[in-house]
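In what follows, chain A forms one complex with chain B and a second complex with chain C.
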Partner chain A sequence: MNSINPKLACDLKKFGTFDFSSCYNCGQCTAVCSITGPDASFPRMFIRYGMLGLTEEIISSKDIWLCYACGDCSETCPRQASPGDLMAALRRFSMAKYEPTGLSAMIYKSNWFSLVFTLALAVFLGFFLLTIKPDIPVSRWLFNFVPFQIIHDLGMIAFIFMGITAFTGLINMYRKINRKEKIKLRLKNTLLTVKQVIAEVFSMKRYRSCDDDKFSYWQSKNLLVKPWFLHFSIMLGFLGLLTATVLDFILKDPALKTWWPSRILGTVSGLFLIYGTIITLIYRIGKVTPAYSQTRMADWLFLIFLLLAGITGFWLELAVFTDAASTLNNLVLLVHTVLSMELVVLFAFSKFGHAFYRPLALFFHFYKNLEK
Partner chain B sequence: MKKIVEQNQAGMDESLIDYDVLVIGGGIAGDEAALKLADVGYKILIVEKDLSIGGRMILLSKVFPTLDCSACITTPKVSETARHRNISIFTKTEVKSITRRQDNFFDITILKRTRYVLETLCTGCKECEDVCPILIPDEYQYNQVARKAVFIPFSIAQPRIANIDIDNCILCGLCEKKCPSDAIDFTLVDTYEHLVVKSVVLATGFRLFNPTVLSRYGYGRYKNVMTAMEMERQLAPTRPYNSVLRPKDGKMPDNIAYLLCVGSRDQTVGNPICSQICCMYSTKQAQLLLGALPMADVTVYYLHVRAFGKGFCEFYNQALSMGVNYIKAKVASVREKENGNLILRYEDFSTGQVEEQEHDLVVLATGILANAEIESVFKGEKLELDPYEFVRQKDMLTNPAITSISGVFAAGTVTGPMDIPDTILSAGAAAAEATAYLKKLS
Partner chain C sequence: MKKRIGVYVCHCGGNISDVVNVSEVVTAVKDMEGVAIAKNTLFACSDAAQNEIVNDITSLHLDALVIASCSPKLHLHTFRAVAERAGLNSYNYVQVNIREQCSWAHSYEKVSATGKAIQLVKSGIERVIFSRAMEPFSIPAEQSVMVLGAGIGGMRSAISLANVGLQVYLLEREFFIGGRTAQWGDLSAAYENGPEVVSRLFKQIREHANIHLFIGAELISQSGNIGSFEVKVKIKPRRISGDCDESGFNQAISICPVEVPDDFNFGLTSRKAIYQHYPSEYPAIPAIDDANCNFCGACESLCKSIDLNQKEEILNLKVGNIIVNTGFDPYEPTRGEFGYNEIERVLTLPQFKRLVDISGAGKLNFKGKQIHTITYIFCVGSRQGEEGENQYCSRYCCTTALNTAIIVKRKFADITNIHCTRGIRTYGKQELIYEESSRQGDIFLEFSFENMPVVEERNGKVFVRIKDILTANREMEAETDLVVLITGMVPRRNNNIAQMLKIPTGRDHFFNEIHAKLRPVETVIDGVLIAGTCQGPKNIMETLNSSMAAAAKSAASLSSGTIHLEPIVADVNTDQCTGCGICLTVCPFDAIVTAGPEDKPAVSIVISRCKGCGMCLPVCPEDAIELYGFTNEEMEGMIDGLTSY
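Moving on to the complex of A and B:
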């Protein structure tokens, strides 16, 4: 059962700015959105939920994940109440609710906490990495204070813990949404829907429709600078680098030759990643549209980490051809690995979490449409 | 009595005075204020930028909530103003500067733009119009029909004197030859004049919101999207066509939509306040349309119906009982179909779902914006404006006509959006304040 909770509005504010008192409930935001329709209605509904404090309605909704934050609603809102920011805040709020440890909530609510926590984790991961090379002087100095085994085990526990929480978050989301949508999984439909979701993830059809909307700021802009393309290049870049790294790891062969397939894949993906993150960062710094004007520390950290991981990756690629063993190169390697590990470890707690929450919401959306 | 005269001779020289009160703007507010002041016995000058006095009201069809003919109420007032022995009217004239003198009077500079027609000779016979070969969109019919380059603005214009639109005139001289009273003279020029007045009443009115700014509604792009003022003309007794026709193909519309709050209560266009008249004039037009087109459906998309004045709520209920369909929704966008019909997209509040509805004519109930041009006319003193650029009322509750400048009073919509009854009241208040000021001055 839903119960009214007037404090929710204050709580939601900590996840992103939105002034509930400025909304006069006209529904323009919903009607101006190019992806709302009979099967999904937002953001006005969610402003009402937020006002009334219907937490269950919010976290059991797939709809907030169907929004790609194009910002049309915020741009045209006659009260300038920024409904788009509310949608982003609700996604953060839901992620914090799905994830059982409460860490996400703290990361999203407090910019300082997310910064300090991320840096502390970086130091810890740095130490953890040293356990792989216990013979170098820094390691020996460290292990005088804390036994090697403890750091190593703690690190492994942290990885497992993070993995379990991420998985629990996903299960929680599934259960919450299914309480509202009530889908019965059938193999044929599930496979069809999974196919649809994958097609959507790799074609970005819905996201594209936001940017190509007739009233969108981006409609007349070049493809290469449209938000969906930037998102696409970051995503492809990341996936490509992940594949390349795994391939390298499996083959146990640091592919020295430039024409090696996994190397080419890595290089191309890295370029995509760096391009996407740089342009996105420029948009966020310049606040080109309302959608880019509200950036939380978690968003900054995520983008900067991706960018730095990409840049250090290229450094290392060049370093392989030069003096691979120099101290500077080793340091860059350490930084690169720490950044990559943070991205993976904080997967469920950072902005990165949308990478599995959104497809799951899309799964519900498509499945529901299929059932009809 | 003698004492007062002596005082006057000491401080102020009455012989300098051209007029007691300068009324800027000859709309219904200016006319009303001028009439009241002239009845008291003061000499009044009305300066009107346009070709005719009567302002917006003389162009309207009917007034709410009584459905009286607007022109039929305005015309007697306007001709009374024109015939009053204490009132002079300069049309096609602008006030260029107002400066306070040391003796507390005002120095006024006005620019009289020429009509290229000798006002004393023109009889308003329209013979010139017949021979003029030029056709231009008629701004007094909101560009729905054409007029000539030499023209009388509209049939009930006051004064009924021809004017030459020199920007569009080809100087063919046909009208000059045709004119039976030799009133046309192309050698006339604009002239500046200096006057001294004791007091000023501002009645410069409002601007209408230009809906091309809201490109989502397609005004200017889709021909069947029109403004309420254009519809007002189609419904007026002096209407351009003898029926209500949609602009694109001249078809009689039978499913008309009204969109309220276009340019009002909308921060994206910089106007967060309510225009106060759109709900009611849309309700009025809806009722008139049901009379003009008995088979038509009229739908009003509203945010909140603000029927706050005397008889307004009853008027709204009357529209409901006549079958006008009110839907609570803010239309987000308008799309045109090939046949010229329009599809509105909005969120239906009863279901919370996005809906699309087809109409064959869309009327935008455009709001009122401030007309802040007058601010720059004051030299040496600052005319204070409110945050929405209307003239700031120093004491809105107790002395609504008093502005930040002593001796300058405000009448009608120059202080904020208001309907006709309120405008008349406001003009009366300005006249009363000006009278009190003039009494104290002498």
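Moving on to the complex of A and C:
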């Protein structure tokens, strides 16, 4: 039997939900949602879980990840209880619960902590990067102060630690959800489901259905400005840049060869990334729909980091044609690398985490459907 | 015998004529004996048709009138007025209902409907032939009213009546006025508390020369009828005669050796046998409660105005009307109902309201423990289903519970409210209270009648288990510091007013009005009105609405100095009556009395009490009783009309 825990509602508010206590259970949110199902019943049921403090129900649920935060529910809500924000807060809450260190919880709950931690990490990563070039004057000065080996080892430990944490988070999520869904993995079904998940990730079919829903603000808007497309651009841009970077690394000689496939991929991906992040930032600043009106520090940082990483990337691409070794260009390189590393290091603790939590939830969703 | 009868058959637009062939009906009756004129009319109730009927009556010298149209409920008085305007006695008018009782009921059998309409109209004609002209009775009206119960409803009635110049005798059974409202603490949507509202009314009452307030007073007998009820009132001894300096009373209270649970606080605290509920209470002197006092005399020596030998008094009063406003009792849960009386952390709503009221702001403590989580279980003793005693909704409880939850959260630190409801009914403007409670973070769960919550105590902790409809019927449990049972209203216990005044009660034991919508404060006993929660669950505003309605109704009936009564009453043929008295046993209104000389006993009818129900007629072995307006001749005529072909 579940125990009612009235304190959870207060805790959830710190994860960025509005005042959902005014909900009177009419269920309009569920009625307008284009992707909820007869066996899911979100967002309404999750407002209940939130109010009553049924933590186990929340963190063992795949359903919160099936929502793409279109915000129709918040717009329809007759009590301004913002169910859409609650769903987002529940995702943050669950990520914090899966991740074992408690760092995510602090990042999500406190904007100040989020900012200070990110900046501190940037400084540390900057130092860490200097270990790669121990000969330049700044490095020499620094290593007089703190031994080279300590920074280098700490950096490596941090990377390994973050990797393990992220992995543990995924395992935790799998175990929690499976306690409820109770799926038995079979090779054939697993492969079929993975295929479905990949198809979903690259087609964004479910997200698209949110934007094309007849209640949606975006329904009649141009494809290029629809949220799913922006999300798609950012995701493709990031993946493209990641691939290009890896290819560059393998090919060892990134410079000047403009027509290499890896360079073309990098350029195109970068443009997509910058486009997606800029428009999304504009939406968030302008609060075009309820879905964009509640932005946490973690959201800002994530988007700004992506944008800056993209812009500095292009700067560097142009810099190789000019004076690649100038101090300014070196500084930009440092910033670019620090930003990219932060994105990777904070993967499990930031908004970025949804990139593997959501596919895992989709995996459960499709697997269950297959089992039926 | 009427010989010049006018008959009008109404189309009622098409309501009647679409089914009943109206002209066929006219043709069938126009040649009947005594019928002077028979017509059909499109709308008998229209101005034009009314004028036409008036003209016909005067120009053709008609002596009786039959209109076949809708139900008498709708237009009896309209057409009686038509007759009056034409100089015809209104009791020489008979209405035949061929709409509700014919065309609407038989819309698919047009031919037989017309046949039935013909028989109905014939029977109306046969009845009106024997009709007699009658005039309403007039009886003198005593210019005074007795109001039973000095709660806020009774007080409000008293003030309204006194303001129109009537003498008011306001009776309160307890030693202090204010009833339930005085116990109620903060009121919803009023920014005032119960005692404040009570003292406001009391000040007006004290200043009003027309209001005579009797405290500790009970009605013990009643006779008479509207306009002149003779009532006997017993005044219990308060055993305190005058004023005493305050310290004298305080000493008397502290020396009293008897300590009993305090009803005013629903047993949460105790009081002495000499007591006062709260310092500003009216009347501002204590009382001694005979049921618990052991007459030791210790207090008498401390205060000279205490007089243990004070005797009870009997008053005889004569009043024109009686308004009953005796209020309600909170439902008392049975032992073990949601843990009541078994788990000490289970309280009723009235107890909890008292607890909130007498606790200082800051921390809410109960039985030595600070209270953080309060779980409210709604509809306790109300809406008990088809099998249960109380099927009704008590109306005030949802609002009061949520209002209290708001007050608790405002007054005390760190409180969480969990409401287990069966659907919230904060109707009307009170919805805002639900809104506020919901917005302050109160948790709402909903259970069904089939799955009642369970209250349990385990290892000194109290748990409420509930199957929540709003969460897919999931069963869950809340640990709680206090359980509050939201108890409804039940009629006052040991209230013999109903028997004494012959007020009918419903299945729910509340007093019944004549008509729930059209005559909501009158009872079948003329001159006895009901108001407030003795009639059924009401909130304070509704109580005052009905109290003022009763006052207005009462003042209207008495103000002219005479009271007009329907002449449809029973009449005894004293030659035939043997005085056997069987009719006395069946009369529900005590309207028959024995009379006549000893050698020739007979009964007679008190016309001011007779309601013309006709119960006495069939039981009379001598057939010595007639009912005006429904005489044997008239009834037999109707039967003849119905059976003639």
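We take it that the second predicted complex is superposed on the first by the 368 of 372 C-alpha atoms of A that agree within 3 Å, B and C clash if a C-alpha of one lies under 4 Å from a C-alpha of the other, contacts with A are read in each partner's own complex, and residues count from 1 in each chain.
Simple rule for what comes next: contacts are C-beta pairs under 8 Å (C-beta built on N, C-alpha and C of every residue); 3 or more make two chains touch, one makes a residue touch a chain.
What you see is a predicted model, and the numbers here were worked out from it, not measured in a lab.
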item: Joint occupancy of chain A by chain B and chain C, clash or fit; value: fit
item: First, second, both or neither for A:24, with chain B first and chain C second; value: both
item: Partner chain in contact with A:149 - chain B first, chain C second, else both or neither; value: neither
item: Which of chain B and chain C A:75 touches, first, second, both or neither; value: first
item: Touching partner for A:36 - first (chain B), second (chain C), both, neither; value: first
item: Which superposed partner A:369 touches (first chain B, second chain C, both, neither); value: neither
item: Partner chain in contact with A:215 - chain B first, chain C second, else both or neither; value: first
item: Contacts of A:54 with chain B and chain C, given as first, second, both or neither; value: second
item: Which superposed partner A:3 touches (first chain B, second chain C, both, neither); value: second
item: Contacts of A:45 with chain B and chain C, given as first, second, both or neither; value: both
item: Chain A-centred angle between chain C and chain B, computed on Cα centres after superposition, in steps of 10 °; value: 30
item: Minimum C-alpha separation between chain B and chain C after superposing on chain A, in Å; value: 5
item: Overlapping contact positions on chain A, where the chain C interface meets the chain B interface; value: 24, 41, 45, 79
item: Parts of chain A lying in touch with chain B, wherever the complex brings them together; value: 24, 26-28, 30-33, 36-38, 41, 44-45, 75-80, 214-215
item: Complex interface listing, chain C residues touching chain A; value: 373, 416, 418, 435, 438-445, 465, 468, 470-472, 474-479
item: Residues on chain A engaged by chain C in the complex (per definition of touch); value: 1-4, 6, 9, 19, 21-25, 41, 45, 48-49, 51-52, 54, 79
item: Footprint of chain A on chain B - complex, ascending; value: 215-216, 261, 265-268, 272, 303, 329-333, 345-347, 349, 352-354
